[in-house]
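Same chain, two partners: subunit A is paired with subunit B first, then with subunit C.
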Partner chain A sequence: MSGHTSSTQQSTAGERLLKNLFLVALCVMVLYPVVWVFKMAFTPSQGFSMSLNPIPENPSLANFEYLLTELPFFTWLFNSVVISLATTLVGVFLACTSAYALSRFRFPGRTTAMLSFLVTQMFPGVLMMIPLYLIMDWLGLLDHLLGLILVYSTTAIPFCVWMLKGYFDTIPIDLEEAAMMDGASTATIFWKVILPLSLPAVAVTALFSFMTAWNEFILAAVFMNRADNYTLPVGLQRLVGQFSTDWGYFAAGAILVSIPVVALFFALQKNLVGGLTAGGVKG
Partner chain B sequence: MSGQASGRRGLVWLPVAALIIAGGFLAVAWSQGVADGEAYQARRAATIARGVAWVHVQEAMRVDDAGEGQTQRFVEALPEKVPGVREALVLKGVNYKAHSDAALVEQRLDVDSLAAKALYDDARRLKANVDKNAEERARNPALGYDPYPEVQIIPVEGGLQALAVAEDAGKYIGTARITTGPAPYRFELPWLVLLVALGLSALWLIVGGRLPTRPRIAVGVLALAGLTVAGSVTLPGWRNDLRRAQADGQAGTLAALDEAGLLAAQAPPWDPEEWADLDEDEQQEETARIEANALMPYLDRGLNGALEGRLVTIARANEGDDTRLEPPAGLPAGALMFAAEGRAVYFSGAAFDAAVVTDEADVRLWGIGFGVIGLLILLLGELGQLRRMGRAAVDHRGAYGYLSPAIVGMVVLVFIPVVYGIVLGFTQRTYNIIEFAGLTNYIEILTDFDLGDPTNFYFKLGVTLMWTILNVGLHVSIGLFLAVLLNDQMLKARGIYRVILIVPWAIPNYITALIWKGMFNKQFGAVNAFIEMMGGESLSWFQSFWPAFSTNLITNTWLGFPFMMVVCLGALQSIPSDLYEAAWVDGADRWQRFRRITLPLLMPALVPAVIVGAVWTFNMFNIIYLVSGGAPNGATDILITDAYRWAFERDRYGYAAAYSTIIFLILLGFTLITNRITGATKGAFE
Partner chain C sequence: MASVTLTDVSKRFGDNTVVKNVFLDIADGEFVVLVGPSGCGKSTTLRMIAGLEDITEGELKIGERVVNDMTPRDRDVAMVFQSYALYPHMTVYDNISFGLRLRKMPKPEIDKRVRDAAQKLGLTELLDRKPKAMSGGQRQRVAMGRAIVRQPAVFLFDEPLSNLDAKLRVQMRAEIARMHRREGVTTVYVTHDQIEAMTLADRIVVMNFGVVQQVGAPLELYREPANTFVAGFIGSPSMNLFDVDLRATGGEPTVTGKGLSVPVPERLRPHLGDQTKLVLGVRPEHLSEAVDGPHMTARVDMLEPLGAEVHALGDVEGQPIVASLEPDTAVRVGGPVGLRMDLDQIHLFDRETGLALGRQAHRGAA
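Up next, the complex of A and B:
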């Protein structure tokens, strides 16, 4: 990152030209599928001629119109938004409090708690589905938004806890001691000192929880049976079949669904990388 | 003084443990009571429905001379005579042939009523089953039972509905339906255990303090063990008192049959008053005799093939999804259970024996479980552990307070499912019946070496390992290569390249998967278009293993390399440039500099990323499930998608759970080993 470059890291103009050519070609390859989705989305009538040309022949908004007016897109959107926001709220609250406890207190069972957070991450989500399905059935939460909210926020906890704990650890304890000297209680310190200082980390955690819930597909597909309970991923997946002709609607939906997450992703990607590698393993 | 005080306080543990055990038995007795009541009710409803069907057949076929309208008389008498019966009717086509509400006889169904439509649909389904059974029996004369349901029991608001087909030698005559109220159960407190527990506690508080600690603990353990054993042995005997309800129900049915003139021909004739004087066992015998005389001729013709313990029917709510099942081993004859969709599964054989069926082993297991909890409390309490734990909880209440919301959530939705999943791996499950199966699932998974079968475990393991290694290898090499390219201060557009190259990571991976599924589409996919442009043949990507595997691999590489690239880029930028300068001064060439400086310094960042990436890829469900979908024939499924299919497509929860546990163990082993070698999480616990 340092501004000055050494002679060893400099490259000749010819090398740079080659590099640029290669990278441009690679970028085209990487972007092609995205462009292809745009082409499908703006090509009306669900009919695609097989061609590599990325520009739609008769561009139209028919797919978007159909998606928004004929399909229950707004129902799916509503479900996804409700589930993702609630997951974020519940998940971040739970993660903040327990990360604070793990970072600031020494108590019996602390190491066990941290280790078990780590180990459960290895029991992959899909495998928890069988018992979760039975438990949700038993609790009567199948086909309920609440069921998914609870599952998403708890499964996101371990990752968020590890990430937040790492951040809390970097906040100097002197601040708290000073506050304590002034007579502040632990709760006051937590709410008034620690949380405001950790806002960047909390924001990343919140965005991570939101994206997890927004993007999750398979649990939603298994738990939600009624079409008016589908989330966006499930709804979109139902539009796609090997010989089905609904690809245009899918493409239109994919664009609408991806724009907010891609934007969020680019906003927080720098922070996410550090958290991911430090936070351990998530299946 | 203080020693004595703490000794006194130590005395509370046995009473606490004893009350917990007693409370546990209370809960078990209550839930068993509810379950037994429901089983009883369902059985009774089915019996009466079949009785009505039988009477209607008798009348229609003029088998005896009981006279006209006997069905109607019987049906009308039922709600009045049999406690719990709310409505009875016989339907043929769209007309009521008999109805407990006499005004409705020979009336048409109300076409606008949803309830009437449900009745019509159910009746039609059962009628179709009569035909199917006749066909099956004609095709296979050795078949000892009717494979399709002719009796159906559905829970409805506040009770049950039982439907039975009235048929004569394969000829459909009508459908009888009985609607009952809620299940009768009278919950009896397990007085004995409660009294013993209370007595024991009182005695303990009075004399327990005189014993030295060790003998006292021994006596306490023995007392609690005795309490548990006594409770478990006698518990089934305290089930709710259904016998009275049962006798009332039987008397009512007999009275209704009598009302319809159907018992007149009995020898000796049925006399309600005489019957009422019999004791319970004699009433049972008498009822069985009469029912056998009156109803058995019909059963013998095989309404449901009255064979011991044979599963007769299972009807699911989805049309056309009638499934034939062998009854699970050990299922009591005449048992009835509710299938997943709320339709009843009916095992005939002891259809008229309304004895309550409860799995006593199950009850004992619960009792023993509570006993173990009680013993633990006693031991931990007496040894002072509980007080220490309590003190820790008080001392660190702040920390536990902050931690508890997350812990509660994790326990309910993560730990319990994980443990439940592991336990499920030792069971086999058929609808609502879960049986302990020991290591059967594991043995079946691990000892099957038929590698030609695409669902074979070792084949799947091979595919998964190949999938993981190829992916991680590609991600790391592409990512590292690009990072080195981009780590060039002279490259003006590197910021733009970086942003473009991480786009695949930003897109939700299920969308990526579906996009690539479209790209590989035979008719309009861009990949085939590209191949044709280059002069090749377009390919059916999902018809054989390698092309299908490549679709998954290409998709996952597209979406996976940006992560490694970003990780490498970050690490590269943190390598101080003087190192390179020094190496350059020493005359190291480019490869040597990469080999000796870049690579070693990348390792601390790269190793955890590779471990995480390997675990992710190993479990990459979405790509496999959505791109190739396991095509062809499940061959490209990896372990995790196959576990999913075992559970949700092949309906073998136990097997799938064992499968999942094996995957979990593989990953746990992998992480522990790599952690040991690299120390990747070292310092995280500080």
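Up next, the complex of A and C:
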């Protein structure tokens, strides 16, 4: 037994080197495209550089300048922010309340509701495009920010409900009974006891809703026809022309678009880890 | 403060009746303990009083008000949970004051009550702490504080000490007794620990299978158990029970079982009916070593020296027996011991109904 252990220890140095080389290679594979996007963003030409060198040859901010001055970038940004925030608010609020009801109350149709939420998640979103288009047309919400907010909220809610219900299920029922004995109504229990305890899970679902709305492209491209109603992904896609693609602008735009999401991630990071593991452990 | 009255109260979950026809009058200021094995319906009864469970049948009054259909907050009761159920995101101060804040009590009054309760329970230093930064005993005290500040008509306790270690449990038991003496609030307390029941209660309600077996003062239950269940449940170690037959030997009524035979004492004779299949009950502490004229001979297979006494565990012709012997006993494991019963302290039960001779079934019992 001990001989075996020592032989493992002896080979460790060499093994460690191999392992690290392998991991470094993987990191390069994952990070290189990102670095390349940065390179294109800071290179003033719009061509596709074939050189492997990840450092831009004569770096400049020209692409960013063009995006921010020549294109209605801030209009698109405004649209994206409004749509994403509204989607998050509406989606998370409705998901919280319905998840709480599904977690704590026993009523006819409860299981069916949970299952139908699950089933909607099994179809690719594109399938719903035509019916959604017809509904939006009927409501007169095509080319309206409100239309996209509605669509994004409803598509995000099923996942959020499952996520939150799972979390609510882990909160001991004793706490609610204690609050009930203290004289709290169901609404008070929900707002003052359950929600404060569920912040990690709410943070995760909020981030999920936000990102879904922020990154969504297909529905936004179909529903929004006027350039000043575009969201950022749709606006940027217009840079990819039929005959030529302005890679420099596109790359710069991609970086700008991802800044808010990255910032959100960092802000919620602590809660995210807690939220994703919290389902399994009590307390 | 208020009395609590249960009249023919039952609870069913589907076809499953967990509490059957309970009649119980709890006087204003009384400390009543519901005790029984797991699943006997004691917690469900408490939760019905709290308003956390619907009452399927019967009537529940707190004071003069019928509260069957009232929400917990309108019943003016406070409850301490087994798990403490403290709000993890609130400080001790906020935990204790939560109920008062919900009732929109003026801030200075809340502050006064919280500090008062904290002082009584030794929590003053901990008011800014959150529950996770406290020990089990401290959490338990916060849970009690939360109940005290409300100054409710009735306190309800659901196995409040069972998550504590043995030493703390004794401490907190005393604390609860003190609290009750001080506040004098009607209290209903659920436990499966008969020592808690014996030491805290004015009256004990013994339950089994959802049915009230006996209601009485602690010593009354110990001295005059109404049936074999109460006889076996109250007292530690449990009462020894032997199947016996009633015979008249030379004009004197005698009960005879495997390996034992004793005359029926004078005080029990008036209760003898035509039932001849009986159960003889005798507590371990009412058995003593006898050199001559033993009532029975036991074979000892274990000795538990406790200092003040020795528990001898063994059997009498295959029937298990425990006897509490003098600490300097010469009895050894594997050896025989002759035992005498204190005939003034034996009990006789009807083997068919389990009832003590001369007893009626408790009201409401099937």
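What we mean here is this: the second predicted complex is superposed on the first by the 242 of 283 C-alpha atoms of A that agree within 3 Å, B and C clash if a C-alpha of one lies under 4 Å from a C-alpha of the other, contacts with A are read in each partner's own complex, and residues count from 1 in each chain.
Everything that follows uses one rule, which is that a residue touches a chain if its C-beta (ideal position, glycine included) is under 8 Å from a C-beta of that chain, and two chains touch if they have at least 3 such contacts.
Given the structure is predicted, the values throughout are model-derived calculations rather than measurements.
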Partner touching more residues of subunit A, whether subunit B or subunit C: B
Contacts of A:Asn58 with subunit B and subunit C, given as first, second, both or neither: neither
Contacts of A:Thr69 with subunit B and subunit C, given as first, second, both or neither: neither
First, second, both or neither for A:Leu175, with subunit B first and subunit C second: second
Which of subunit B and subunit C A:Asn20 touches, first, second, both or neither: first
Touched partner set for A:Ile135, first subunit B, second subunit C, both or neither: first
Partner chain(s) touched by A:Thr112 [first = subunit B, second = subunit C, both, neither]: neither
Subunit B and subunit C contact sites that coincide on subunit A, given as residue numbers: 283
Partner subunit B, residues of subunit A touching it in the complex: 1-2, 4-11, 16, 19-20, 22-23, 26-27, 30-34, 36-37, 40, 48-52, 93-95, 97-98, 100-102, 104-105, 107-108, 110-111, 113-120, 122-132, 134-135, 150-151, 153-155, 157-158, 161-162, 166, 169, 186, 190, 214-215, 217-218, 222, 233, 236-237, 240, 242, 247, 250-251, 254, 257-258, 261-262, 265-266, 269, 273, 276-278, 280-283
Of subunit B, residues touching subunit A in the complex: 392, 395-396, 398-403, 405-407, 409-410, 412-418, 420-421, 424, 482, 485-491, 493, 497, 499-512, 514-519, 521, 523-526, 528-530, 532-533, 542, 558, 563, 566-567, 570, 573-574, 577-578, 580-581, 583-584, 593, 605, 608-609, 611-612, 615-616, 618-619, 621-622, 625-626, 640-641, 643-644, 647-648, 653, 656-657, 660, 663-664, 667-668, 671, 681, 684-686
Subunit C - residues contacting subunit A, complex: 50-52, 71-73, 77-79, 81-83, 85-89, 98-99, 102-103, 146, 150
Partner subunit C, residues of subunit A touching it in the complex: 172, 174-175, 177-185, 188, 192-193, 196-197, 283
